[in-house]
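Both complexes below contain subunit A, partnered by subunit B and then by subunit C.
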Partner chain A sequence: MATMVMNRVLRHESILGVLLVAALVVLAAQSEHFWTTDNLLNQGRLMAEVGLIALPMTFVIVTGGIDLSVGSIFGLCAILLGVFWQNMGMPLPVAMIGALIVGAVAGLGNGFIITRFKVPPLIATLATLALYRGLAEGISQARSVRGYPDWFFVLGQGEVLGVPTQLWLLIVCFAIAAFILGMTTFGRTTYAIGSNEVAARFSGLKVDRAKLLIYGASGLISGLAAVIFVSRVSTTRSDMGTGYELDVITAVVLGGTSIFGGRGTIIGTALGLILMQALKNGLALSGVKGDGTIVVIGAVLIAAILVGNLLSRDGDG
Partner chain B sequence: MRKTLLLTAALGLTLGVGTAAMADSAWTGGDNLPTNPLACDNTPGEAAAKPYDGGAPTGAPDLKGKKITVVDVPKLIGIGYFNATSKGIADAAKELGNVEAKTDGPTQANIDQQISFIDNYITSGVNGILFAANDPVAIAPVLKKALSKGIHVVGYDANSQPDAREWFVNQAEFNGIAKALIDDMAKEIGEDGQFAIVTSTFTTPNQARWIAEMGAYQAKCHPKMKWLETVEAQEDNNLSFNQATTLINKYGDDLKGIFGMTSVATPASAEAVTQAGKCGKIAVVGLATPNAMKPYVEKDCVKSVVLWNPVDLGYAAMHVLRAVVDGDLKPGAKSVKAGKLGDLQIINGSEVLLGAPTTFTKENIGNFDF
Partner chain C sequence: MTAETMTRPVPIRRWKSVFEAYGQEIVILGVIVVLCIGVWLYNPRFLSGNNFLSIFHSNAYIAIAAIGMSLVIISGNIDVSVGSLIGVLGTIAGTMAVNGYPIILCWLVPILIGMVINAGVGVLVAYVRIPSIVVTLGMLSILKGGLISVTGGAWISGMPPEFMIAQFRLFGIPSSVYFMVVLTVLAALWMKYSVFGRTVYAIGGNPEAARVSGIRIQPSIVGVFTIHGLFAGIAAVLFATQLQVIQSTVPPNLELTVITASVVGGVSILGGTGTVIGSTLAAILFAAIGSSLVFLNVSAYWLRAVQGLMILATVLADMARRRRI
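Now for the complex of A and B:
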């Protein structure tokens, strides 16, 4: 059973891998500027925020849940980073940690509502999507916070050993997430919840605790992404991260994670993320306008899922 | 299931109460910068001389008279206003004959997406970038990157930090727009009328500046008018309509006038007033393109619409960029030639002033098509 599931998952990833390679070859042929170190590293910088949030989102969706509030938590953490630092006079490092804590608490709040009151995650996080964004806009008092010190920009605009700082962070987080989901008891618990939550409970797994931790992590990482984003654009606004949840969920689902839970890998998410970013960037460089790019991404998403479904049905037969 | 509904309702309630409480605090939608209201009569304001404060590209190739590729990245695409600026840019490019210009941008006024668009065009190697910023600070790093790669950068409509671009084509001075709007409103609703504002977001640079100047000018010249509230509506047609309807319901007969601060908010507010059957009772004054406002102006629901000509704005921006590339516009210049628009004045160090705003009324609105 387990090996069958694994096979099926790997098959989706192989398809995606082939698709990605094909896309990269075509895009590189379309524009001489696409396959350059500069451009690729820069794309790494641009996809770091969505990429980071996509990691815990993979866990969330594997449990059969969804977290629509990540973009709003992102906005809330961004604005609080500015408020902590400028209005409350905290040193910037403390304000950064404060923003991360707020993110974690907001995520735990989601987890609490979902586990304690048995609210479906779609509804719970739809409510907090509005709630956290409303808080962000209320707290910001419509003012943007600017004038951060230069050292802070290392995180979002700087480089370490020639590679954008946040790309290192994304790679480290990616490795940690892949290890936890693929190699640990916690990872297996996550799959078990998504496959059959009732069975998981009767097997003595701590379902609620696991969910709480996963939604908490989702909030924490959204906070981290917010700090990086503020550093990248050097200002704070309450409308930051609007619509991020859709980009994140697209990357995860494109990566082969089943929206019904129980299936999905971090490597798949990474492939989905890279494919999406490569399409956005490559199409723009080869002269396709923004509206055309969105159409292509939508079509690729549908195609990837259809092909995946067709093949897995054959496998079942 | 019932539990779920209850909880959702409770959450909704806290949210509602939360935002209601927030609305009580003084949110004007203005910014914190100092204001400079014009005189109440028609004495023109004085432009203070200021040294050039724009940036400069490093190692820009000499392309004087040669063919250049230019990309225009407005706040968003697909709305009448930026279609008009885009048309102006295309017109000027055609007239110049040595420019290949195209417009591309996000479909929503989103800072993150706008940055990605500009970033991609820097990589693809354009010679010039025209932009209208969604946020003056957030866009600065990517524009500085363009300058550092030898790309010429000129803004129009919505400015960035001055050192992140070379020149900015200013459609109209903020205090001039503020005076025109407030004076028009005072004429319609009287000196003791109460009004509200529908804007895009509180941090959008132009709108925040206009609102700050409007507040200052109103306090100075029409002190008895009362400012009820400013509400945010992105640049979204539906949301603007809903926000205007909420204002009408909330304040009832107290509300005498609504300002629309964007080309989307003004027609949406006029529609809300029409649908509420308050034509003639609630005045709508605002910035909008004539085409969007024609039905309301012809029905006498809206008396006057204020705007510069966005086609001219795009046209001027393209000419300024070409002049910069050709070396015809250098720091310290007093004016710049912009094709059929003639000589445009340089103000505030590194800004090119398009001219005075136009007020469209029932008499002249038929003459404009944008």
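Now for the complex of A and C:
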């Protein structure tokens, strides 16, 4: 039984792996610029923000929930980083920590509404999507903050040992997330909640505490991604991160995490994320305009789940 | 005597059951009334006929799209691509009108295309069993990306005046308002009294029970999405004709506004409950909030924060009410 489940989990990731290799080969054949170290590292830089948020989102979706507010928390943290530093005169490191705390509090707020008042996650985070984005817009009044000191740009524009700083951060967070979800009691609790929440509760698992932590982590990491993003683009605006929730969810679902919960891995999310970024970049290099690539990503998302569904139904038969 | 004792308690019970059945709708209506009176006390021009009509006129298409969305959500599904669909269909309508196609075709062709596209979505959801949020997430990217790469986001203008159906007036009231009211009432009656309506509630409430009772779930789901496409098409035509120009991009956050209207209107995201009257009232409420900020001299940048708080408050009130009953 366990091996059967394992096989099914792995099957989606193998399909995805094959799809990814095929995409890489085709894209490399299309343009000689694609398969260069500079380009690949730069793509790693560009996908760091969405990639970071996709890690806690995998946990959220594995519990059977969803977090639509990540893009808004991202925007709110970006704005507050600028406000803390420029308008309130905090030292920049303090402002950065402040932004992370705001992110964590915003995420815990989601978790509190979801666990304490039993509001379905889709609605709770739909409401906070509007609320947090509204706070960002209201606080900023459409003013942008610029003029950050040079050392701050190390995070978003600098390199460590020839690799973009944020790519290191993404890899470390990725390893931590994969460890927690795959090898700890907390990870198994996460799967148990997603498979059957009532059963998990009756088995004595601390369901509410786990959910609170997961939504809190989702907010915290969104704040971290926002700080990195501000450092990468050197400015702060209130519309930052608009629509990120859809990019992040697409990467996670493409990676084989079931939207109904109980199934999914961090490796899958990483594959989904890399496939998305490779398609964006490769298509752009072979002359497809930016918006054309979105079409392909949408089609790949549907196709990947479609193929997975058809294959797994054969397997079940 | 017996007749008296028989009839007397009935109205009371009936009122109670009306509140149970339409609690959320009554709450929203109450909030709208309180909001309007409050803003009117501060600034009497808020309730002037012109302002009120323009609130309805410019938001009718959201309410109409929310009717279809409510059906989808009641059936236990969701559609996050409706904003992109409305953007695409509105652009098609405008482009056809500028290129001199017969006006009736400019209205009907986008509606038909919307129905066909969403029927396809329904097939993927019902027969291929891909979760609706995944299919529509994909459709969102496809429609949005496709639209911008074809049109480049250009403005469309110079449509013939007889194309502007949303601006037609009868007794001084724009046609979009009539569309909103008539479609809401028709859809509400149809959902309550038709076999199809009851089927949709049954599927959303408990798909397994519905299947065992002999309901054919798969064609019904395709039907729900097709009807949703119909309403999205009508909404798109009104959207395209309410101003003199159309920007051929996807209106920002439209899908979330539409879903929010349905959900705040009392449609349970878990499926099986809710009415289209509630979603239309919620769409009106959002429009009223937006307009009242202007009259209260509050910066428009706070609009979304206020909306978010309103959604939270409504949802929490709904949770409390359900627990009490």
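To be clear about the criterion, the second predicted complex is superposed on the first by the 315 of 317 C-alpha atoms of A that agree within 3 Å, B and C clash if a C-alpha of one lies under 4 Å from a C-alpha of the other, contacts with A are read in each partner's own complex, and residues count from 1 in each chain.
Note that a residue touches a chain if its C-beta (ideal position, glycine included) is under 8 Å from a C-beta of that chain, and two chains touch if they have at least 3 such contacts.
In this text the structure is predicted, and so the values were computed from the model without any measurement.
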Touching partner for A:Phe260 - first (subunit B), second (subunit C), both, neither: second
Which superposed partner A:Asp38 touches (first subunit B, second subunit C, both, neither): first
Subunit B versus subunit C as contact partner of A:Ile294, first or second or both or neither: both
A:Val307 touches, of subunit B and subunit C: first, second, both or neither? neither
Contacts of A:Ser234 with subunit B and subunit C, given as first, second, both or neither: first
Touched partner set for A:Ile249, first subunit B, second subunit C, both or neither: second
Touched partner set for A:Gln141, first subunit B, second subunit C, both or neither: both
First (subunit B), second (subunit C), both or neither touched by A:Leu46: first
Contacts of A:Phe117 with subunit B and subunit C, given as first, second, both or neither: both
Subunit B and subunit C footprints on subunit A, overlapping residues: 113, 117-120, 123, 127-128, 130-131, 134-135, 137-138, 141-142, 238, 242, 289, 291, 294
Residues on subunit C engaged by subunit A in the complex (per definition of touch): 78, 80, 124, 128-131, 133-135, 137-142, 144-149, 252, 256, 259-260, 263, 269-270, 299, 301-309, 311-312, 315-316, 319
Subunit B-touching residues of subunit A, taken from the complex the two chains share: 31, 33, 36, 38-39, 42, 46, 113, 117-120, 123, 127-128, 130-131, 134-135, 137-138, 141-144, 146, 157, 229, 232-235, 237-240, 242-243, 280-281, 284-285, 289-291, 294
Residues of subunit A defined as touching subunit C within the complex: 68, 113, 117-120, 122-124, 126-135, 137-138, 140-142, 238, 242, 246, 249-250, 253, 259-260, 289, 291-299, 301-302, 305-306, 309-310
Complex interface listing, subunit B residues touching subunit A: 3-4, 7-8, 11-12, 14-15, 18-19, 22, 25, 27, 29, 32, 77-78, 102, 104-108, 110-113, 115-117, 119-121, 123-125, 135, 137-138, 140-141, 201-203, 232
